[in-house]
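Following this line, the structures themselves.
Two complexes follow with chain A in common, the first pairing it with chain B and the second with chain C.
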Partner chain A sequence: MIETPKVDWLALSPVLALLGASGIALLAAVLVPPWMRKTVSAVSVFAGFVVAAVFAGIVFDDTPQPEILLSESMARDQLGALAQLILAITGAAVVFAAWSERRRRHDAEYYSLLAAAGAGMMFFVQAENLMTLFLGLEWFSLCLYILVAIDTERATSLEAGLKYVIVGGFGSAVLLFGSALVFGATGELGFAQIAAAEAGDDAFLVTGLAMILAGLAFKVSAAPFHMWTPDVYQGAPTSVTAFMSAATKTAALVVTIRVLVTAFPDESQIWTIAVAVIACVSLAWGNLAALAQRDVKRILAFSSVSHAGFMLIAVAAASERGTEALLYYLVPYSAMSVGAFAVVAARERELDKPVTLEGLAGLGWERPFYGVALWIFMLGMAGFPLTGGFFGKLFVFSAAYEVGDWWLVLAGVAATALSLAYYLNIVRWLYMRSGAELRLAPAGGSPPRELALGVAVTAAIVVTVGSFFAAQPILDLASDAASSLPF
Partner chain B sequence: MSGPGVGWYLIVAAGLFGIGSLGVMLRRSPLIVLLSLEIMLNGANLALIAFARQVGSLDGQIFALAVMAVAAAEVAIGLGLIVAMARRDMALDVDQASALRG
Partner chain C sequence: MLTTALILLPVAAALVIAILPLPRELTAGLAFLAALMEVGLWIVTAARFDFEEGGLQLGTTEEWVESLGISYSVGFYGFSLWLTGVAVVVSAAAIGYALWVGRDRPRAYHALMLFLTGAVVATFAAQDLLLFYVSFEAMLIPLYVLVGVWGGARRQAATLTFVVYTMAGSLLMLASVVAFGVTQDTFSLLDSGTSDNTWIFLGFAVAFAVKAPLFPFHGWLPLTYREAPPEVAAVLSAIVSKTAVYGFLVIVLAKFPEPVRDFTGLILVLAGAGLVYGSLLAFRAPDLRGIVAYSSLAQMGLIVLGLFALNDLGLDGAVLLSVAHALISATMFLLVGMVERRCGSGELEVLGGMARGRPVFATVLLVAGMVALAVPGSVTFAGEFLIMAGVYEEGWGYAAVVALGIVLAAMYVLRLISAVLHVRPGRAVHDEALDLRPGELALVLPLVACLIALSVWPALVSQSSFSGDRPARVISEGFR
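The block that comes next holds the complex of A and B.
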């Protein structure tokens, strides 16, 4: 008998479930006859996301105290489990939203990579040392690079993929160099050990911290590290855009707060200021740039930059309340962005060209369901009551106010006011202009009924509105999760 | 036998990282840009290995090995994209990749 390391399979189970699903989908790409390839891979990946959600729920329920596993490389705690739950539900909704996408080839590969990216994000949010952090980041990034470029017959998809590989690779290299500097300053890779090493105001440590923060900001797509966001969001297949805007942001923000709070508690003076500045720049840049756009996917891309700003306000609070607010915000935000991009995808197929504001004209009258859905998502993103977006912003502002960051609250309120201009502009285009007036004809007759997409949009509406009425239960879950960080 | 101090290794590492990032920002051919990304990652690897020798822990070296595998995967994807672009007769020039703008 040799001594074997103890492996906590339950903590790994969400990741393993998705990896299994990804493997089945990939095998389906070669073994299953073409006519049922898409069905087999989509069903297996959907099942993978559902199983991952169930296991994440079990882990959440079963882990009152955070534990550090596998030679201090990953954490089993409620923060990670809640993030995994959000990621799994997002992924499942994206499987539905992607079903009606017409793709000449690579259907099974698409689903396989979606599951692999989801698995990578779930691994990433559990990271507890700098090596698992980097590997998790690259794991899902590599999958997303291919997903963005998967429509190889479309030049814009390839262009977006190349831009994402270059800028994403640059971001990870910056993060890696930062990790190396922190390792040099402390001699440790584990988050808790870095915090315990007490390197003081070491120049290496501070530079490393700044570079790690910048590397994560690339993934969060916070300004000024967002330059890839509009191009990649516009060029990628729309379901991939939906997945990226919701899931990548969830994973990267949860890891940002985890690494900052567990590894760099002594430097909180420095990083709270840095995060606050990034938040303000994101709010200003995202909202102002969104005003100037005509393409709806680009508008939503800049809106996601500004949402990154709102969520970074919660990170900058560096408190348990802030973490709760961040986790709550992620729930309606993920639903709204998946839903909004799903509606855009439906319109895109109908018109057979990229959706500009003009392309939305009359959608509210022609397709009442999509019109109402997009209307709800836009009001939710603007933070109107009766949607979870309202409480999201409220909790973020109150967390910032509680720690005395009143200037961040002011910036947030000003940004919200500014954002009304383009969110309401989209609603105006939905209802106030008729398609006939613009001589805009649908691509060819009435579009096929997209039942799967309708399911995804309905689920997104339920979560967006439901998170307003069920704010307290969600907040309770978030506060359990937040208590697993050492504040 | 004692070699140069960790500071020297770090200077080389930072130099590689700087050269790589300049390459990413200034060069126009996507192939050279991918090459520059590799140089950045290898600069970070050198720093990791130098620090690992300094503090006498193997963690940094294992990290560097993992990074090499990841870097190879990243380049494989980048090259795949470039091949796909070349097949479609797209210009292999980062400055001309500007169909997406708003």
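The block that comes next holds the complex of A and C.
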């Protein structure tokens, strides 16, 4: 009789649910007749995300104290569960947003990979040692590489996929090298064991820490590790961009704070400064570069770089309040970016070409619902009140101010001022320019009725605005989750 | 509850109007009806308000974000109730004007106007720093679109400068809000103590100075007031600028006694400079909008002089003048709008001679003008006199500046009146240009009537603004 390790199936259930859904969708690609392939795979993947959300909720409710599972390789705690919940809801919204996308082939494969990427991210946020960390990272990255390039008939999609593979591969390699250095310095893989090893100011350890941070910063798309972001966001199918901007960032940021706080508490003097510097660079670079863009997806890509900067301010605070702020921020941010990219996708299909600022002219009057939605998302990203984006920034700033980083508050405020220029510019194009004035030729015929996309956008609006009025309940969840880290 | 209802009524009406696909006239009519209901609700509120007692009344406090000490806390003091009253009256007149001229895209327009009204009322009622900031910022969302979509030819440049200026101020204020709230451990204006941090003070002071606007932060004013639709300019100069007065009173003066003491001299000098500079520019302005816009700058300087005199006379005068100026500038902008509609231009050189054959218009403009130039016996005179007496205690030089301002006001208002009404008929004034129609009269007459009523009885406002009629003590005790 071979002794098997005790497996906590409940803790793994969100990942398993999505893997199951991914498998069903993949089988549908072969076994189901073409005309209902898309329906079967989309429904199964949506169900997978919903089941994953339910299980993540149960785990959250059921895990007052963090537990370490499977030979110190996975964590079962409220931090991971809350991140999984956000990821699952994001994924479900993306399934709706992607429904109207027309592709000649690979419909079922698309949904299958979406579920698999989601599963990888959920595995990633539970990582408790450097091995599972790397496995999770590669798992969801590989799925995303293919998803980005899935529209093989579009050259831009292929180009974006190639760029993402090369730069992403480089980032993973850096992370792996860093992990090896840390292992060399401490002889340990588990986060808690690395912290317990007390390697001190070992040069290997510090170099390893820096490389791990850099590797994660690639996924967070924080400057100066964001080089791939605009090209990939622009070239990828828009629903994939939506998923990447919301989910990849969520997963990578949660893991960043987890690694830094659990594995390197003694080095916090070093990494708080490093993270603060990365945050400032991201704020400056993201916002300045966004000002120069004409393509809306590129603007949103650089805006996501600047949002990474805001969220890294919360990480740099290295406090429970900071982690709360980060987790809160992720909720409206995910909703806003999925929503914004969904509206862009709708416009893209209507014009049948990439959406530039000119392409938005008059959208606010022609399609009042999309117009108001995009308006709300832009105001939310700019941190205007009546959206959760405002409280996100407020909580981040107060966390930073509380630990004495007043200069990060000022940097954040300056970046917000800068960001208004392009967010309000989008609003300007929506309402203050008319499409007729620019002779914007629609693709022909009446615009397609995209009910599923409307559902996704509505949900995003509800979360964006709702998280403003119901800030406290979300903050309560975030605060429970933050308490599972050893501050 | 009444206070919350006063905030929610226009916001709810805005949502209904935005969603309901009604015909044009019905949409605008419904919006006007909602604005009138808001005025009615304010009258009910004022009837419930005990002006003798003073202090915060009709307050409601609900926890919002407990862990940071943020609450939904609203209520009225005497002066904020008066400011709210004038705000709802002016916005009703503005919405009525938009109904009269039949603004394009009425659903969006009226929804935004009503939302703006709700945000202004919320700003005046806010007793939590964060709620104040939220409503203060929320005003900007509709204003951006209102000016940018329905404004004049250079509306895009106008919105851009307006937003850049106000957002720069607001974001400084956000940093200050965070710093103040975190150090005080609460954002409630009722529970928090005072602070002696100069930087936090400056963040607030600059934000309000931009919003008011105060010299030298008025760069956005001329273009925005010229390019906005007249009724939006009326709302901007009449009531949005008064949120800065409210902010100065309940936040800057009450929460930062020491920095205020250090900066009083500077602020008084800037306000005085603004008063003279604005008056001179108003005198030199080539168009009607320019005169009213720069006179607004001058009057705000005067109000701030009164506020920072920090004594009973100055504060009473500042509140009284705020109420009066709101009514006057709204009347003036609406009248300017009516002139522009008739003549197609507000340039003074093409106007003139409109008094002949247009007696009603001439009378209304003359009466409003007389109040605006602070004829003795008018409410503005009462306010300016109180302010002059108040700043006299700070130094006779300030009082002299105020007196100069009053003289200059007479000059620019008389110039406006004579350029529009007298002289030869201008090129743009055709015989077909009608006298005020009954609908237009119904919009400006209530405003003028309020002005006359207050001229008869200025003490109605000035003696009920602060409890026990001791404004300086009320402020130094932080409204407790």
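Remarks
Definition applied: the second predicted complex is superposed on the first by the 485 of 487 C-alpha atoms of A that agree within 3 Å, B and C clash if a C-alpha of one lies under 4 Å from a C-alpha of the other, contacts with A are read in each partner's own complex, and residues count from 1 in each chain.
Here, a residue touches a chain if its C-beta (ideal position, glycine included) is under 8 Å from a C-beta of that chain, and two chains touch if they have at least 3 such contacts.
Owing to the predicted nature of the structure, the values given are computational and were not obtained by experimental measurement.
Of the two partner chains placed by the overlay, only chain C lies in contact with A:Met432; chain B stays clear of it. In the superposition on chain A, A:Lys163 contacts chain B only, with no contact to chain C. Applying the stated contact rule after C-alpha superposition, one finds that A:Leu424 touches chain C and leaves chain B untouched.
In the superposed model, A:Leu69 makes contact with neither chain B nor chain C. Contacts of A:Leu189 after superposition on the shared chain: chain B is touched, whereas chain C is not.
Of the two partners, chain B and chain C, it is B that touches more residues of chain A. Legend: residue contacts after superposition of the two complexes on their common chain; A:Ile270 is shown touching neither chain B nor chain C.
Of the two partner chains placed by the overlay, neither chain B nor chain C lies in contact with A:Ala284. In the superposed model, A:Val413 makes contact with chain C only, not with chain B. Residue overlap on chain A between its contacts with chain B in one complex and with chain C in the other: absent.
Residues of chain A touching chain C in their complex: 324, 365, 379, 384-386, 390-391, 393-395, 397-398, 401-402, 406, 409-410, 413-414, 416-417, 420, 424, 427-428, 431-432, 471-472, 475, 479.
Within the complex formed with chain A, the chain B residues making contact are 6, 10, 13, 17, 20-21, 24, 30, 33-34, 37, 40-41, 43-45, 47-48, 50-52, 54-55, 57, 59-60, 62-63, 66-67, 70, 73-74, 77-78, 80-82, 84-85, 88, 90, 94, 97, 99-102.
Those residues of chain A lying in contact with chain B across their complex are 130-131, 134-135, 138, 142, 145-146, 149, 152-153, 155-156, 158-163, 165-166, 169-170, 172-174, 176-177, 179-181, 183-184, 187-189, 230-231, 234-235, 292-295, 298. Those residues of chain C whose C-beta lies close enough to touch chain A in the complex are 63-68, 70, 105, 130, 133-135, 137-138, 140-141, 144-145, 148-149, 155-156, 159, 163-164, 167-168, 171-172, 174-175, 177-179, 181-182.
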